[in-house]
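Think of it as A, B, C and D in the order they're written, each chain with its own count starting at 1.
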Amino acid sequence: MPELYVLGVALGALAVAAILAAVTRGPALAFVYPLSALAATVIGIVDLGALLRGGELAAVLPIGLPAIGLHLRLDTLSAFFGIVINGGVLAASVYGMGLDRTHELTPRVEPLFPLFAAAMNLVLIADDAYAFLFSWELMSLASWALVAARHTDPESRRAAHLYLVMAAIGTAALLFAFGGLAGPTGGYAFDTIRHHRPAPLIAALILAAALVGCGSKGGLIPLHAWLPLAHPAAPSHVSALMSGVMTKVAIYGFVRIAFDLLGPPAWWWALPPIILGVVTAVLGLLYAVLDRDLKRVLAYSTIENVGVIFVALGLALAFRANGQNEGAAVAMAAALLHVLNHSWFKSLLFLGAGAVLHATGRRDLDGLGGLIHRMPRTAAFFLVGALAISALPPLNGFVSEWLLFQAVIAAPELPQAALHFASPAIGAMLALAAALAAACFVRVYGTAFLGRPRSVEAANAHDVPLAQQIAMGGLAFLCILGGLLGSVLAVALAPVLGDLVSTGLPIGEGPTPFSLIAFDPARSVYDAPVIALFVAIASLTTLVVVHRISERRSRRGPAWDCGFPDPSPVTQYTASSFAQPLRRVYGTLAFASRETVEMPPPGDQRPARLSVVVVDHLWRVFYATPGRAVLNLSSRLNVLQFLTIRRYLVLMFAALVLLLALAAVTT
Amino acid sequence: MTADFFVQLLAQGAQMTFVLLIAPLAVGVVRRVKALLMRRQGAPLLQAYLDLAKLVRKESVIAESASWLFRSAPYLIFALTWVAAALVPSFASGLMFNWAADVVALVALLGAARALLALAGMDVGTSFGGIGSSREMMIATLAEPAMMLIVLTLAIAAGTTRLAGVADFFIAEPFAVRVSMALSLIALVIVALAENARIPVDNPVTHLELTMVHEAMVLEYSGRHLALIEAASHLKLVLYLSLLVCLFAPFGMAPADAGLAGWLIGLAAWIIKILACAALLGVWEVSIAKMRVFRLPDFLGVAFVFGFLAILLAFLTRGVFA
Amino acid sequence: MIHAYQLVVVLPYVAAVLLMAIPGYRVGATLNVIVSALTLGVGLWLVAAERIVGDYAIVDEFNIVFIVINTLVGFTTALFSASYIGHEIEIGRLPSGFLRFYHAMFQAMMGSMNLALVANNIGVMWVGLELATLITVVMVGLYRTPQSIEAAWKYFILASVGISLAFFGTILIYLAGQPALGEGVPAMTWSLLQGAAASMDPAILDLAFIFLLIGYGTKVGLAPLHAWLPDAHAEGPTPVSAVLSGLLLNVALYALLRFKMVVAGQPAALDPGPIMVVMGLVSLIFAAFMLYQRRDIKRLFAYSSIEHMGLIVFAFGMGGPLANFAGLLHMAMHSLTKSGIFFAVGHIAQAKGTQRIAEIKGLSATHPRLAVAFALAVLAICGMPPFGVFASEFLILTTTFAREPWLALLPAFGLLVGFGALLLRLQDTIFGEPTGPAHRVDASSVPMVLHLLLVFTAGIFLPPALVAWFQRAAELLG
Amino acid sequence: MTQAYEISHLLAGAMLLTSFALLYQERVAAVLNAFAAQSVLLALAVAWAAVSDDRPDLFITAAIALTLKGIVIPVALHRTVARLGIHREVEKVVGVGVALIVGLALTGLAEALVVKVARGTASHAREELALALAIVLLGFLMMIVRRNAVTQVVGFMSMENGLILAATGARGMPLVVEVSVAFSVLIALFVFAVFVFRIRERFDTVDIEALDRMRGDRR
């Protein structure tokens, strides 16, 4: 129990910080970040303890919903996610310590930061529907205010509005889900829910609702459109929290409902998350590849990763429904590890983007370039993040990707034909997503950090304060460590997997203690340390040997460029030009993108023009059209505001006569 | 035990050296065959070695706008490719570290090398580097799904993703799931062509700017860095060739518990197979023309379709539809 | 020995007479506040006092809920108007002669509403409710501007028709009760009617309920009978808007619910549940759409009142202990929140000198505290935590889904549509570059903060006593 | 008893006829006369009820009906109409024919509704209830098929006549007197408003030109 008190104290500290910050102004606001960092560390430690001990702590407070009270519970699942959350919060807070105290602190951000952190933690330990949705909505609310922090910019206002409306839709869906789970008698406590089995149809509806509710927060296509608007609109360290961490809370919600509360799954429950996930993964990256705004690219890639995680969860459901617990363990481990890894490298990347924004004041890729010279440390950290998110060994992104592929490869062993046919499609789509991710981040890094500066701001950028470098460095270190020690993480995951799918990954059966094993060692092994060692040895020996052989040092000279070097940086490949081949190949399919070249006749001085049209069907169908429909309907109905009194009397009369007629016909 | 351990270590080391040594030769064979078929004298068979030696000794000129990434990339690329090549069972399956990376990891290692190369291509900030990188990544997005399907087929057939395991499986029953293996063979060949920047996807000898992919990326490299890049590409070729032979023509390969004799036989068989494939590649390259970049989706689409068919057939033959 | 329920009615009337006599608005305002405070005290005492079931008066768990809310909001509104109306007179929007008139009217209205609430006789209740309505009519027209006069006139006519229909319904109830209970007073007494419901003629009950639904529904503001409501809110003085939304609608709803109890007692009669569900949904969704086109901030929140009344009627229509509890809770929360919002709107109107949404921008830059309070209040009415409305909407939607999964989509849809509109307007007003004047606000912000605190507490913690009390009330509703 | 009942029934029926007459009339003056007639009939009906159920207090109601609605208001409205110069035509929303048909339909509805009321319960009120209901509905109809303020007021008042009729019909119902007084006040307010705001054309043109332009949220 003492842990819970510690937890409570830490959360209380965050709340107090929020309140104090609400009444302070100016540089004094900076106190928020050390405090949040401390609180996050404490909570993280408590969570870690709970995770490793595998036990669970529970408490009931006499507040909240009448006759039910406020149930709090810290089990392995919430502990694991707690570690994810507080890791992100810690990084963001450390980054925040580096903010410029005279300019960058505003009462619109700092009071909400700890509140946001506290709300996210509260969601994880909530153990009844009311507490869950309460803190869930609080989380949305806090982040909404943070998105609207730059309130004079109409774009961020629009983003904030769309965001909160989508969040409300999600919450409504979750309300339904919990309503169905709790049943008409209103047993909202999770313990009660676990014992109450809804009818199959209801269960299906609940799953759908949960998918909508958590999907809308996680950015599952087609509920995604708010995400690339809202996440970038917030201050960068908050964007890091929203993208790296808040989306994980959404995942937590789905796992909690689908694997814990809803009871034993039917095999076809797997299909919706898998299908949506795959679509999300691929489309998310296609959006990302075509976008030119650094932070928005990152946001889109968040969508992609959420999609990947949902695929893994879907597979886990399928395996579990068929009693193949090893498979479920692999898929679940893939999902959870990806949650952890993504929280690391996405936070890292967003902090990096923040650093770039801070240094250059621009987010448009085509205005950056050559930053690797001006801000070397940030560039190095960002590189790690970029390679990690592209799922390249030996970094952490690949560990979860590998496990996921193992799960997909095992999918044909499932008895259902639908899943057979699905499996190659899933595999191919995920591979496509992985390749696109690599392309996307080569593009981002290549245009933002490599090459020559494309703008004055980029040309005289400067590296960020130490605190911010520490935040990024720490995350980069974690990305590398997580890549090498995937097996250790698998050990740490064992309790969660045990609780969710009743078995973990095989541990310590591999050739070395660090080999990550799917199913059994004879089947699939990935041993990052050994490979890393090999690569290190190989590269070092090569280095030595080559330098021994080649006596002459290298010399600096102008770029060769096929003999026609052009000094102007405009001749470089831009982000848009990098994306052109991919747009030509995939864009025509996904976005009906058309490009038209208007070439002036010979002798004409006008420059040739290339214009590209890209249509976002999803936006048109799922957002623009309904939005217009609502406005149209409202303006039609609005006539009723301007009728004459006599007409209002007619309405009354009609209502009366209608009801009377009703009474007359009914016996 | 310890003795055995050292033998094993030795064998692994041997494989690393062999792949390194044979790579330029294979390339030489390809060029030689092409030359002969074109009725040209052609460079001597060992020219590739000489080129590398020359390049290493030359000083390397580095563009002003290049960063540390540009300089360090070649070493990493080389190392990654080399390690990947060393992990593919060549003359013997079940070598000491075969297990360290399965097919998925192997593909990912090559992916890492490719990403680094693409980044290096963008580092100097020239138009050609950009062209090369963007096209390279685009081709990768087309190739990797097909590759994944091939992997899936193998896994369904052999029940494992460890290359050694797959190899053992095919050594044991060389004619398992024939049809789907044939299909995935075609798919893998196509993928290999794409990955190694061979005709019709890319032309290794051209320097005609607008058709370049691989060459455009490495345009700025010179001296030892260029040497490493070249060597890496040679290694990659060998890697794919030995992947092909290990999966589709495993005969002669020494099983896990083979002794020295078995290894020698395996080695001989492997070298012969590699060189034969190289010769075939040469023949193939003279017999068809380079494609326009935006025809590639169709070309690699073929690989995708064959890969998919392979899986469906594998389902049938394995009778997974219970 | 005089009983609390008598005081709760008599006190305001006496005060009204006094206020008529007292000149000078400071004294009047103070007295007004004092009396309202006393009434509140009496109301609270009533909670403790023993329950009464007399010939003409009834005090049970059910109407105490309403009485307490009534007296409470009455008190805070009195507090608010003390400073607000003073300001109106200083800026010369009102001739100060009107003020004594205003305060007297205010008290008379409170008295009439309390009369309607404690009445155990359907006739008396009718009289009380109609008195309250007519008084508010006059108060809406207080500013004597063309708009306010038109609004009052519209209100007057629609209300009068409603009055007549409601009275016809009352007669019908009497006719239904007469055979069982005998002639005279008994057949108009709640407590007895409820008991005798089973033996009443279903056909007459149907007829009665329809007339009462239309008659009192007009005052509840159910679409399509709502027409008077938005204009009355928009054109009247802000405190009156607060009282209208916060109280009068509730009292009308209270009457409707009483009759629902009676009709529900006769299984052969038309089931009021579905009818109320339908009317509630119509109002909810209609109002939600209407929110988008509003240009006047008070009219905006008037429509939001229609929306929430719709939701409450929907909940009571669903019936069952949980839904009834949720409905009562939502009603209480809505009264507090909505009147709080109107207080805030009053402040905003004074700060920017206008009620037009288009001319209110960037409050968070010019009046941070007011902006925060306003934002919190609006988010509260939108059902956001940590406020009580979230709790009630949580209960309503979850239980509805648990019982009728597909039906639950409609209220959710309506609420979401409405939320979109309110959020849009909220962002327009508090965010962006401030424009127009930014006066100092001198109306007291105590009532607003008080209401916010109460709603906030309800969202976090409902005292068990209160809950038990609400649950008993919910049981009475069946 | 029975013939007492017959008489009251007769009077109520006559009132219904006057309601139809109201719908039928085209000129304001005629409408007012028809209304006066209805009010007188109401007075008689109430008086008769007072006699037959011997409830002397109902005489007050009767007196109010007779004086206020039978004499004072019609006369006053005659004056207004004359002064506002709108005594001739009344602009109708629907033709007389349609109005009458709708009226018939409403009467039918009223009958259909009351028929379902079991005999024995509220026995003698049954028919009177049907008539009262019809009168109320017709009054309401009157309010919405005419555009002229005066006729609309008349419509409201005839609705209210129906109410009083029903109330007196409900035997032993308390408060009838009080309520009838209350209604008289209400009506007084109506008429008062018609004078004060100089409502010339119809309810929604309180005579301040601004209003029709403004109406609600148009600002």
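The rule we apply is simple: a contact is a pair of C-beta atoms (placed from the backbone, for glycine too) under 8 Å apart; a residue touches a chain by one contact, two chains touch by 3 or more.
No experiment lies behind these values; they were computed from the predicted model shown.
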Remaining touching clusters (ignoring subunit A, no chains moved): B | C, D
Interface ranked first by C-beta contact pairs: A-B
Averaged-CA centre spacing for the pair subunit D and subunit A, given as whole angstrom: 69
Chain centre separation in whole Å, for subunit B relative to subunit A (CA means): 35
Length of the line joining the C-alpha centres of subunit B and subunit C, rounded to whole Å: 78
Subunit C and subunit D, separation of their C-alpha mean positions in angstrom: 31
Overlap residues in subunit D, where contacts from two or more other chains coincide: 113, 116, 140, 143, 203-204, 215-217
Sites on subunit C at which at least two other chains make contact: 153-154, 157, 161, 165, 203, 206-207, 230, 293
Chain pairs in mutual contact under the definition given at the outset: A-B, A-C, A-D, C-D
Complex contact set, residues of subunit A against subunit B: 369-370, 372-373, 383, 387, 390-393, 398, 401-402, 405-406, 408-409, 412-413, 415, 417, 420, 423-424, 427-432, 434-436, 438-439, 441-443, 445-447, 450-452, 510-511, 515, 521-527, 530-531, 534-536, 538-539, 542-543, 546-547, 549-562, 565-566, 569, 571-573, 577-582, 584-586
Partner subunit D, residues of subunit C touching it in the complex: 123-124, 126-127, 130, 134, 146-147, 149-150, 153-154, 156-157, 160-161, 163-165, 167-168, 171-172, 174-176, 178-179, 183-185, 187-188, 201, 203-204, 206-207, 230-231, 234, 293-296, 299, 356
Partner subunit A, residues of subunit C touching it in the complex: 153-154, 157-158, 161-162, 165, 203, 206-207, 210-211, 213-214, 218, 224-225, 227-228, 230, 270, 275, 286, 289-293, 320, 322, 362, 364, 368, 379, 382, 384-386, 390-391, 394-395, 397-403, 405, 408, 412, 415-417, 419-421, 423-424, 427, 430-433, 459-462, 464, 467
Residues of subunit A defined as touching subunit C within the complex: 62-67, 107-108, 129-130, 133-135, 137-138, 141, 148, 151-152, 154, 157, 160-161, 164-165, 168-169, 172, 175-176, 178-180, 182-184, 186, 188, 202, 205, 630-631, 633-635, 637-638, 640-641, 643, 645, 648-649, 651-652, 654-656, 659-660, 662-663, 666
Residues of subunit D touching subunit C in the complex: 113-114, 116-118, 120-122, 125, 129, 132-133, 136, 140, 143, 156, 159-160, 162-163, 166-167, 170-175, 178-179, 182-183, 186, 189-190, 193, 197, 203-204, 206, 208, 210-211, 214-217, 219
